[in-house]
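Okay, so subunit A shows up in both of these, paired with subunit B first and subunit C after.
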Partner chain A sequence: MNWSSPLPALVLVSAVLAVGTYALAVLDRANGDRVARRRLRPRDAVLQPARAASLLLLTRPTATERPDAQAWALAPALLAAMAAGALATVPLDRGVTVADVDDGIVLFGAAMAIVMVAVYLHGWSANSPLPLLGGYRFIALALSYEMPLALVLIAAALPAQSLSVGAIVESQQGLWNVLRQPLGLPLYLVAGMGLGFWGPLNTSDAPDLAGGTAVEVSGPQRLAWELARRFVVVAVAAMGAAVFLGGWQGPVLPGWAWMALKTLLLLAVVAHLGHRVARVRLERFVVVAWTVLIPLALVDVFVSGALAL
Partner chain B sequence: MSTSLTVDIAFGLFSAATVVAAWLVFRTDSMVRAAYWLLASFAGVGAVMVLLHARFLGLVLVLMMAGEMTIMAVFMVMFMMNPAGLNPMTMVHQHRTAKIAGVVAFAGLALVGLVADFPDRPADRGRDPTADLGRELLGDSMLIFETAGVTLLASMIGALALASKRGRYGDAEEGSAPPPLEPVAGPRTGADTVTEPEAEADSGEHAGMSHG
Partner chain C sequence: MGIARWLTPLAAGADVPVFTAIGAGGRALADEAALLPGVRLVDSPRAANILLFVGAVTPPLLRPLLGIHDQLPTPRATVWWPGRAVGGGLASALPDLVVGPAGDGDHLRSVFAELLSGERRSEPPALPDQEAAEWRGVGPFGQGGTGMTGGVPYGRPLPSRAPDPDGLELDQLPLHVGPLFPPFPPGLILHIELQGDVVRQATVGDNPFAGATEDLDQDGPPLDTALFVGALTSPTPIGDLEVARARHHLRWAARTLRLHGLESEGLRLLGLARSLAPADRAAVESLAQRIARSRSLAWTTRGVGILGTDDVTGGPVARAAGLAVDARLHDPAYQGLGFSPVVHGAGDARDRLRQRLAEAVQALELAERAGSQLRRPGPPLEGPRGPLGTEDPLPSVALLGLLPRLLAGQEWGDAMTIVASLDLDLEEAAVGQPAPIPA
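Let's look at the complex of A and B:
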């Protein structure tokens, strides 16, 4: 089947996003229960995301005074579209990539750069102080970890001598990038969690801003926003599995199963960290990002480049 | 539908969207909207570049512009004393100069488009534009690009210095005194802020106003 033709591509990307998002929500709930020392009820953990989503769907939408209605409606759609576009570049099995372009990793980076625009617009267009603060917080953080994200992805592309994600997966035959470039995956996960404003890096939609960019949004639009940010996390996890964990490669099981397992593993790590690590302080984290994360990412690029030569 | 027809239709759509978005940059009354209409326009240009098989350049253009337009919006908000960029403000100034410049630029470009003899050199299909670009950047054009890079870096540092909390008039958080009720000749000094508690005691009924 040709997965790049429009209809199969749409079905495949939507299915992966839906399954991944539900898995993330279940993992998140299970981790939350463990941290809160509630008894872990598997049935609850599985049903809770559906309940929360239907509650949001039935909630009445609210409005603020003179919002920028177009940008407000655009923000969740843009975020979801960028997540879908980023996921399209990931090889889900041997030869199954929706957007199998030879600059796939650049396309992924471009989609992740527009995430910043979506989150800022979401905060700015509500015409309300707390969302606006959330939007500015996201810019401050996102600008700090766009650079490490781009650098670790470039480092992963160096041994493959190609910007194609498929070639990067192929280049990990024998040795996965997580071992070959030990700095890559941790830095990538920090940046990726930040792009989905998840857990410790969720400063833009944080409880200390009463919900940040989403505080004035309720009802279906809120549901769309909450889904879209989880789509971003799923896309980031899938790309992480492809670029650092060898993608579809693995013994016995078929390629797609390995890809699913590895993506789920990264989602579990993200869900775990989301509940176990304290929220960062914005100003301090920006300093850490520029003085620690970017130099580490540069070391990653230089060492990988030297090894690839 | 044949590929070339699809490409032609896509080219038309993206070009039209680019022009409309660029026009909307000047029709909006908000710095943030103007910045993001410009980003939409650049994204259209990026899409056209992808259609022209310059895929890497097109994608990098979008990647860079997403960050740059956001930074531009933030800097405009910082410099324009427009809290948070929420207040409407006009995006066009110096109407006559702008009109003349616009007409001259359009006429010039149109003239080039009509008169110039464009080369017809179809590139070989086997060539890799990304690799060619890399060789160009680190080969013959290296000096030009490095000069441009250093210039941009210097202007970035300059903009940051202008916007930073510690400016030439001292720390931004300490220097901000409420305006005096009586007009004062000359620039305000730090002494105003130091003596403020006494001033407040002197004119008790105005103190609330001066903080408003």
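Let's look at the complex of A and C:
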């Protein structure tokens, strides 16, 4: 099947985002209950995301005084679109990539850069102070995520001598990048969690802002936003699995199953960290990002480059 | 309609999204709500279908409470756990108000189920749906227009210009936060001048519990520190006092963890606090040590809101700053229990967290050692926030006075960390304060 033609592409990307997001919600719930020592009912853990989504669909949206209504509606759509665009560059199996372009890594990075616009738009358009503060926070931190993300992805592309994600997966035959470039995956996950404003890097929608950019949204609008940010996390996990964990490569199981397992593994790590690591302090994170994370990412690039020569 | 019929049974099984608003004497009970199975506390009223009001309504709380009520999306219902006092105008403002048995999760879930099934009508707005002030903007998004910039034109706060520390002229937005803002202690109102997310100036607003405390003592639910207040006048087992102290500190720590994004860890602490006994010391100690050693929490709280030994005189905040003061040192009842105060030195938000966790563990040790030994009234008593029964103002009064200086120049996140770290109790601060004269 030609996965790059519109209908199959739409179906495939939507299905992966839906399954991945549901898995993330289940993992998040299971981790939360485990940390809180709450009795974990597997049935509840599996059904609760669907129940919560149904409730949001039945709840009426609300409005603030004079919001920028078009931008408010656009923000979750833009965020979801960027996540979908980013996911489209990821090979989901041997020969199954929706956007199998020569510079897929660049396209992925570009989509992730626009996440900043969507989050700020969401904070701005509610015409309310706390969401706006959430938007400011994301803007303040966005470059601290995007720089390490771009650098570690470039480092991963060096052994493949190609910016195509498919070529990067192929280049890991025999040795995955997680071992060849041990700095890559941890830095990538930190940056990815920031772009999905997840767990310790959820500063824009944080409890100290009573929910930040999402303070004022209700019902389906809230559901759309919550889904969209999880789409970003899923896209980041899928790309992480492809670029650092060998993608679809692995014995016995079909390629798509390996890809699913590796993506799930990264989603489980993200869900775990979300309940175990306290939210970062903005200023300190920026300092650490520019004095530690970005230099480490540069070391990753230089060492990978030297080894690739 | 068809889709709604299909979704309703599924939605009925969802965790009930509850926004808690806390009135006089309601904080401990609100903490319990977080532990109810099938209930999920949310940070914003927009994310809730049930507004849970816990405690007594004082007149200044009524209008903000109704404002929050109207922010809930429909279908919505309000449940009130009033303690002992039912009044304050809430019942007349919300005709569909459900006065529930306090702490009853089944009842809360049944109200939610009735709401979804349509057996219970969704509450209409309590306030008129009109703008607080006439809007005089003219642009496509209502912006611009004569006098629509700077200060509070026509009752509407808008940014003005003010210099920042770098000498730049930046927008400064006046913001009034509280008295039911979730990250704040109940009743706290702050008038904040914001530049970006930096608090340039903060002043404490009128205490909504002022003038109400005496009535509440007679008629309302108990204050957060009721056992300690009672121990000033009647013999009380030391074991009970120390377990109550440990419970108080653990609940505070749970709220602090939630603020820092560690809600699940906080729930675990709340679960321990609910049925706390001296025998739980080992479990509390192990958890407290893990939290106190958390590098991520240290990273978030170290160096934030530093108080020196000259700034404070008593309580855990002073001991976190390195001052070895504690009324128990001079209390005959504690002689022979081997008590010596735990002290830290940095005086920042991190040490205040470590201090209270260490004091919770120590309190359980003391409770174990004290057995059924009684403390007789007479000398000052060390309450969970500082000494009680002295000539000095109550601990929260002094702590509240520190806020404007501590918050000036802080980023929003640090400001919230500081407010939480002081463990303020506006009811305690209101003791003896007259009610404000209505405008």
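Going forward, the second predicted complex is superposed on the first by the 309 of 309 C-alpha atoms of A that agree within 3 Å, B and C clash if a C-alpha of one lies under 4 Å from a C-alpha of the other, contacts with A are read in each partner's own complex, and residues count from 1 in each chain.
Everything that follows uses one rule, which is that a contact is a pair of C-beta atoms (placed from the backbone, for glycine too) under 8 Å apart; a residue touches a chain by one contact, two chains touch by 3 or more.
The structure presented is a predicted model; accordingly, all values stated were derived computationally and were not measured.
Within the superposed three-chain model, A:S4 lies out of touch with both subunit B and subunit C [touch as defined at top]. By the touch criterion defined above, A:R284 lies against subunit C but remains apart from subunit B after alignment on the C-alpha atoms of chain A. In the superposed model, A:D68 makes contact with both subunit B and subunit C.
Within the superposed three-chain model, A:Y136 lies in touch with subunit B and with subunit C [touch as defined at top]. When the two structures are aligned on the shared chain, A:P200 is found in touch with subunit C, with no touch to subunit B. In the superposed model, A:W124 makes contact with subunit B only, not with subunit C.
Touch counts on subunit A: comparing subunit C and subunit B, the chain ahead is C. Overlap of the subunit B and subunit C contact sets on subunit A: residues 68, 129, 136. Residue ranges on subunit C touching subunit A, taken from their complex, read 3-4, 7-8, 10-15, 17, 37, 42-44, 46-47, 49, 71, 73-75, 116, 131, 135, 137, 141-142, 173, 175, 181-183, 194, 196-197, 257-265, 267-268, 271, 294, 296-297, 299-300, 304, 411-414, 416-417. Interface of subunit A with subunit C (complex): residues 31-39, 47-48, 50-52, 54-55, 57-62, 65-66, 68, 129, 133, 136-137, 199-200, 202-203, 206-211, 214-219, 222, 275-284. Interface residues of subunit B facing subunit A in the complex, by the touch rule stated above, are 30, 32-33, 36, 39, 55-56, 59-60, 62-64, 66-67, 69-71, 73-74, 84-86, 130.
Every residue of subunit A that touches subunit B in the complex is listed here, in rising order: 68, 71, 101-103, 106-107, 109-110, 113-114, 116-117, 120-121, 124, 127, 129, 132, 136, 139, 143, 146, 163.
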